[in-house]
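We just call them A, B, C and D in the order they show up, numbering each chain from 1.
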Amino acid sequence: MERMSISVAVSGASGYAGGEVLRLLSTHPDVTIGAIAAHSSAGSRLGEVQPHLHSLADRIIEETSTDNLTGHDVVFLALPHGASAEVAAQLPDDVLVIDAGADHRLEDADTWQRFYGSAHAGTWPYGLPELPGAREALRGARRIAVPGCYPTSALLALTPGFTAGLLQPDDVVIVSASGASGAGKAQKTHLLGSEMMGGMSPYGVGGGHRHTPEIEQGLGWAAGTPVTVSFTPTLAPMARGILTTATARVIAGTTAAQLREAWEAAYDDEPFVTLLPDGQWPATKSVLGSNTAQLQLAFDEHAGRVIISCAIDNLTKGTAGGAVQSMNIALGLPETTGLTGSGVAP
Amino acid sequence: MERMSISVAVSGASGYAGGEVLRLLSTHPDVTIGAIAAHSSAGSRLGEVQPHLHSLADRIIEETSTDNLTGHDVVFLALPHGASAEVAAQLPDDVLVIDAGADHRLEDADTWQRFYGSAHAGTWPYGLPELPGAREALRGARRIAVPGCYPTSALLALTPGFTAGLLQPDDVVIVSASGASGAGKAQKTHLLGSEMMGGMSPYGVGGGHRHTPEIEQGLGWAAGTPVTVSFTPTLAPMARGILTTATARVIAGTTAAQLREAWEAAYDDEPFVTLLPDGQWPATKSVLGSNTAQLQLAFDEHAGRVIISCAIDNLTKGTAGGAVQSMNIALGLPETTGLTGSGVAP
Amino acid sequence: MERMSISVAVSGASGYAGGEVLRLLSTHPDVTIGAIAAHSSAGSRLGEVQPHLHSLADRIIEETSTDNLTGHDVVFLALPHGASAEVAAQLPDDVLVIDAGADHRLEDADTWQRFYGSAHAGTWPYGLPELPGAREALRGARRIAVPGCYPTSALLALTPGFTAGLLQPDDVVIVSASGASGAGKAQKTHLLGSEMMGGMSPYGVGGGHRHTPEIEQGLGWAAGTPVTVSFTPTLAPMARGILTTATARVIAGTTAAQLREAWEAAYDDEPFVTLLPDGQWPATKSVLGSNTAQLQLAFDEHAGRVIISCAIDNLTKGTAGGAVQSMNIALGLPETTGLTGSGVAP
Amino acid sequence: MERMSISVAVSGASGYAGGEVLRLLSTHPDVTIGAIAAHSSAGSRLGEVQPHLHSLADRIIEETSTDNLTGHDVVFLALPHGASAEVAAQLPDDVLVIDAGADHRLEDADTWQRFYGSAHAGTWPYGLPELPGAREALRGARRIAVPGCYPTSALLALTPGFTAGLLQPDDVVIVSASGASGAGKAQKTHLLGSEMMGGMSPYGVGGGHRHTPEIEQGLGWAAGTPVTVSFTPTLAPMARGILTTATARVIAGTTAAQLREAWEAAYDDEPFVTLLPDGQWPATKSVLGSNTAQLQLAFDEHAGRVIISCAIDNLTKGTAGGAVQSMNIALGLPETTGLTGSGVAP
C-alpha cells in the first residue's frame, strides 16, 4: 500500500506538549514533519531544546509565523492560551488546525472570560473521540480543540455513568494527581526538582482551576443537564502521568452490575481505553508514553458513591496522543496509526 | 532542672514505625532506651536493620518477649495488627503501653471483626491530642491507641467543621496520597522501587480500606451523629508523607468566614497543627520528619463543598510522633518534648 | 513490500527484561509473537503481570518448556543466569536463540566460574553491533549473547579510544548509576520503593560485580591487550536508565581533537549512538524507552584523563533493544526495524 | 546548668543553605536567632519562603545589610560567591562570621581567580573538623570558611589514606552524585522537576567544576604533596544527598588490613563519621537531615585501587551542619550540640 504523505507543522515545539507531538509524529508512518516552530528558542537546533528527539536533533527551530506555518496539510498549535486564535485565523480553512491549548474548548463565552480573562475565541470540535458523538464531529473536521489533560481523565472516568443515567449530576467530586510536566516548562520555584521530589501538594483548590468548567461542560453533554463538580488538582513527584479519582452519587436502586455494564458498553470496543479486570487498579506507570487510558471502578454502597480511577499519560493521551488520534480521524486514517497503546514500564 | 529518666522499650523495632519511634526517642531528653525488640531480626545489630540510627547502631535487637519488655516505664508496640493485645495483657497495669498498631482503635467490636477478621481486643484512649477531649483522656492514661496515619490526617482536616456544626455528615469524600512507607517494609512486588518510582495508583477503593471505619468513628465523635465517608487511598512515588484532600458538603447558609473561624478556633493554640495563611497550600515536604500537620481550606461555593488539604508525615505525626506526643501527655511532660515541628526540606 | 512474518517466543516473560522484549516485539512490523512463557506466573493473563502491555493483555502465560518454545523462528531467553544453556540445548540449531542473560557472554571459562560459580556454558556471538567486527559476527548467527546493561554503556563509552590506540589499558575507572529495574523484580528489602526513593547507594564495590570481567573482556578486544578496570555500580532513585562515567588515562601527546575524532569516526554512522555536540551532556531521561546511547567526552588535561559519559536505558539499549537490534541483523532485516531512537521525555 | 544564649544572624535565609542553617539553629539549645536576612524576599514572612520552618514562620525577613547583621555574636553568610567578603569586612573582628559560600576556602589566589573569575578575598580556617589539625585551627576562630559539599564528602573519603601514606597522589578519580538542592534554588530549566525526576546527567565534566581545586587543596594538605584529581559531578533524582565514589591507586605492598586500619584510626572517635561494618554500604537516605558521614571502603587488588564510598546530606554535613559543628568548636561548646547524627529514613 502506498502510504499517504501528510505535511505537518508544529508550533510551540520547545515546550513539553510540542515535544510530545513531535515525538509521536516522528514515527507516524503517514506524516512528514515540515516546519518546527517556536518563539524564544527559534534558531536553535531542536536537539538542544528537546534532547530526546534524536531523529530530529539537527532540525533548526523556526520562528512561529504565518509564513512558516503555511503550506502544510496539518498545523499543531501548542501555545499558551490566548495565542492560538490569531495564528489559526491566518491559516486557510482547508488546513487542519489542531489546537493543543485551551482557546477553543469552552462553548460558553462568559465562562471562558471568567476563567481565562480574555475574549472568547470560539469553539471547535472537541478532540476526545471516546465521547458519544465525538468521532462523527471529528471526521473531516479542519479545526480541532484538544481537551485539557485533567478533563481527558475525568470525562473518560465519568461519562459512561452519566450517559447511562446512573449518576446524580449535582455532587461530583474529583481529585487528581498530576506529574510536573502538566505544569509546563515554566521556571517557577515550586516546580524545581528540589521542591517536587519526595512530596505532594495541592493547588487551585476550591473551584479555581481552569479545567473545572471544561469538566463540567463535558459531563453536562453526557448527562443532558448541568453537572456540578468539585475538582482538586494535586502535584505529584513524577514527571508524567495523571491519576484521577472521580466519584459521583449513584441513582438509588442502581446495582454494581449495572454500573460495570455501563462502562463495559462504553469502552469494550475502544482501542485506547482499557477497563481493567476486577481487582486490578490503574497505574500511571502502565500508560507512560502510551495513548491508553486505564480505568477501574468500584461501587461503595455504604457511601452511595461509585469511585472511578483513571490513569493516563498527561502528555500522550492527555495532550499529544489525543491530538494525533483526532488528526487520524479527521483525515480518514485508521484511528490508531502512529500511536501505541503500550506503556514504557517499569 | 533535673531531667526525668524514663525507661522505654520498643517492640517491632525493625519496621518503619518502630524505627521512627526509636529515631524520636533517641533525642528525647527524658528517655532512656531500654529493650529494642523485634522478631525475625532478633540478634542483629540495630545498625544493620535501621542504618540511619547512628547513635543506636551497636545495640543488639532482642526477641519480642514479655521478659524483655518488662521492667520499663513505657513500652511501645509497633506490631502487625492482632499481635499487641496478647503482649499488652502480660504487662503490668502501671506500665504505659502505647500501641502503634490498629488493635485498640475501634470501639465497635462488629466493625473490628468485619474489617480485621479477628476478635476485638478492646478500646484504648485515642492518641490524637488535638481532638476535642482527647488530651483529658490521655492524661495519666496507661494504655494508648495510636491512630492510623490516614485517620490522623482526615480527622485533623475535618473535625473542626463537624465540631462547629457546619458540615453535613452524610457525604464526606476523602482522597489521600501516601508515600510507600505507609505500606510497611513488606516485600511485595507492587512496593518495589521499580514499580513505584514515577507513578501513582489507588488501592483499597470502594470502602475496603481498614482506615475507613476509623475515620467514620472519629468524625462521628465530632458530629455527634454517624458520618458517612467515601475514602480512596492512593500510593504516591515518595517514601514518606500523606496528602489528604477531604471534602464535605456545607450546611446551607454557612459563609467562608465562618468556616475559617472554626478551623482557626480549633488550631490556633495547637503546637503541631498549622493552619496556613490564605493562599498557601500544604506540602508533604514541609513536614518531612516533623510532627506538624499543615492545613488549608477553601470553600467552593459553586459545588457547595469545603475542601480541606492536610499534609503530614505518615511516620511522624501519623505514627511515631503522635505516639511520643501522647506519651508526653500521659506522663505529664511538656507535650512538645523531644519533638520538632520543623520539616527537613527541601 | 510484503512484510516477513517471523514467529517469536519469549521465555522469562514475567520479568522486566522479558516485559521489555515483549513491548518492543509487540510493535515490530515483521514479528508475530508466539509463545509467551514464564515459570511462577504460568497460567496468568499477561495483563496481570505486565499491566503496561495492553495489546497483549489477554494472552495467557505458558510454562517455560521445550514444547512451548519449539516451532518458532526466534526464541528470546530472559532467564536467571545458569538457566539458558539447558533450554538452548534443546532447541534446533537453525532457530535463532537470543540469550538476554549472562550465560554465554564470557569467553574465559575460569573467569565465568569465579564470578558465577557454575560450569561455563560456552560463548556466543556478542550482541553489541557497534563494536568493531560485531555486525559481521551477528549476520546469520543463530545464537546471540546479549551484553549486560553496564557493559553495554561502558563498552560504547570506551571502545573508540582503545581502537584508536589513544588510551592506556592499565587504569580504567568506571562508576555507573543504574535505575532499580537493573536489579530485576526480586523482592528484596533494599529494592523497596521506601528504601530507594530519595537516595543513592553503591553495591558490589571493589571488583566483585559480575559485569567487571565482561567489561574487561570487551575493552580487551578493542585494545588488543588486557585492560584493567575498577568498576563501581551504584543504585539511583529511578526506575530505568544507566549513567556511566568512564575514565581512562590518555597516551602522552594525545590531543583533545584526536580524541573527539576517534569517537566521531566510530559513531558518526551509527543509528543508535549519538555523540552529542560540544557542551551538551547525556541524560538518561533523553533515552528512556529508546534504543539510543547518548555520549559525550571531555579531556581533562590536568588529570591526564578522558572522561566519557554514556546514558542508556538499561532495559532497552541495555537489554531488549540491543537484543532486537541483534535479531534484525542476524535475520537480515534493516537494523532499526521496530526500534525507536527517541526517548519518552520529560 | 545555665545554657549560654548566643545571638545569631543568618544572611541568605531564603536559599536552601540558609534554610538549613535556620532549621538547625531553631533547635540549638544555646542559640537565639536574631536577624533573618535575605535580598529579594526581604519583607516577606519566613513561612512563605521556607514553609517547613514552622517555629519561625511568622518572622519577617530583613534586608541583608550591615545594620541588620551587627549586634550578634555569630553571623552566618549563605550568599552567592563573591558577596561575603564585603559583608564580612564590615563586621567587628570579634564577631564569629561563618561563610557557607566559597569565598574564603581556597588558599591560592591564582586558582581562585581562574575558577571564580573575581579577586581573591583571602583564606579563613576551614570548617571540616575531622581533617588533621582542623579542630585546633577552629577553636576560638572568628572567621570560618565552610567547605563545599562535594569537597566535604571527598576529603572525608580520602584523607585517612593520604595521611597514612598509603595512596598515590597522582591519579585520584572521584565521581559524585548530588541531589538537586546542591544546585540551589535557581530557576533553571534543567533543574525543573519534570527534567530531573527519573533521570541522571553529569555536568561540569573534565575538571571544570569549582570544587575540583578545593578537593585537590584538601588532599594536598593530607598528602604533603600536590594531589591530582579527576572529578565528575552528576545530578541525581533526589532532593538531598551526595554519594561520592572516590578511588586512588594504592602504594605497592599495602594490604587491605592496613587500609582499613588507617580509616578506623582516623574516624573511630569521630562523632559524625561512621565507618560502616564490613559488608554494609553507605546510603544517602541513612544520613538525610543528619550531620553524619557514612563511609565504607574496599580494596580492589586486581585494579590496584582502593574505592571509598561516602554518603552525606549535602545541606547538613555538607553545609549547614558542618557550619554549626564548626561554630560549636569555635565557641567552646560541646561539638555535637544542636546536631543529630540520625537520618530521617526511610
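Annotations for the structure displayed:
In the analysis below, a residue touches a chain if its C-beta (ideal position, glycine included) is under 8 Å from a C-beta of that chain, and two chains touch if they have at least 3 such contacts.
Computed from a predicted structure; not experimentally measured.
Chains that touch both subunit A and subunit D: B, C. At the far end from subunit A, in terms of centres built from Cα atoms, lies D.
If you average the Cα atoms of subunit C and of subunit D, the two centres end up 38 Å apart. Residue numbers of subunit D whose C-beta contacts span two or more other chains: 16, 180-181, 192, 194-195, 197-198, 237-240, 283, 285-286, 288, 345-346. Chain contact summary for the complex, subunit B toward subunit D: residues 16, 19, 23, 26-27, 45, 47-48, 50-55, 57, 180-181, 197-198, 239-240, 274, 276-277, 280, 283, 285-290, 292, 294, 340-346. Every residue of subunit B that touches subunit C in the complex is listed here, in rising order: 16, 179-181, 183, 185, 187-189, 191-198, 237-239. Residues 171, 173, 175, 177, 192, 194-195, 198-203, 205-207, 228-230, 232, 234, 236-241, 243, 245, 247, 249, 281-286, 288, 296, 298-305, 307, 309, 311, 345-346 of subunit B are the ones touching subunit A in the complex.
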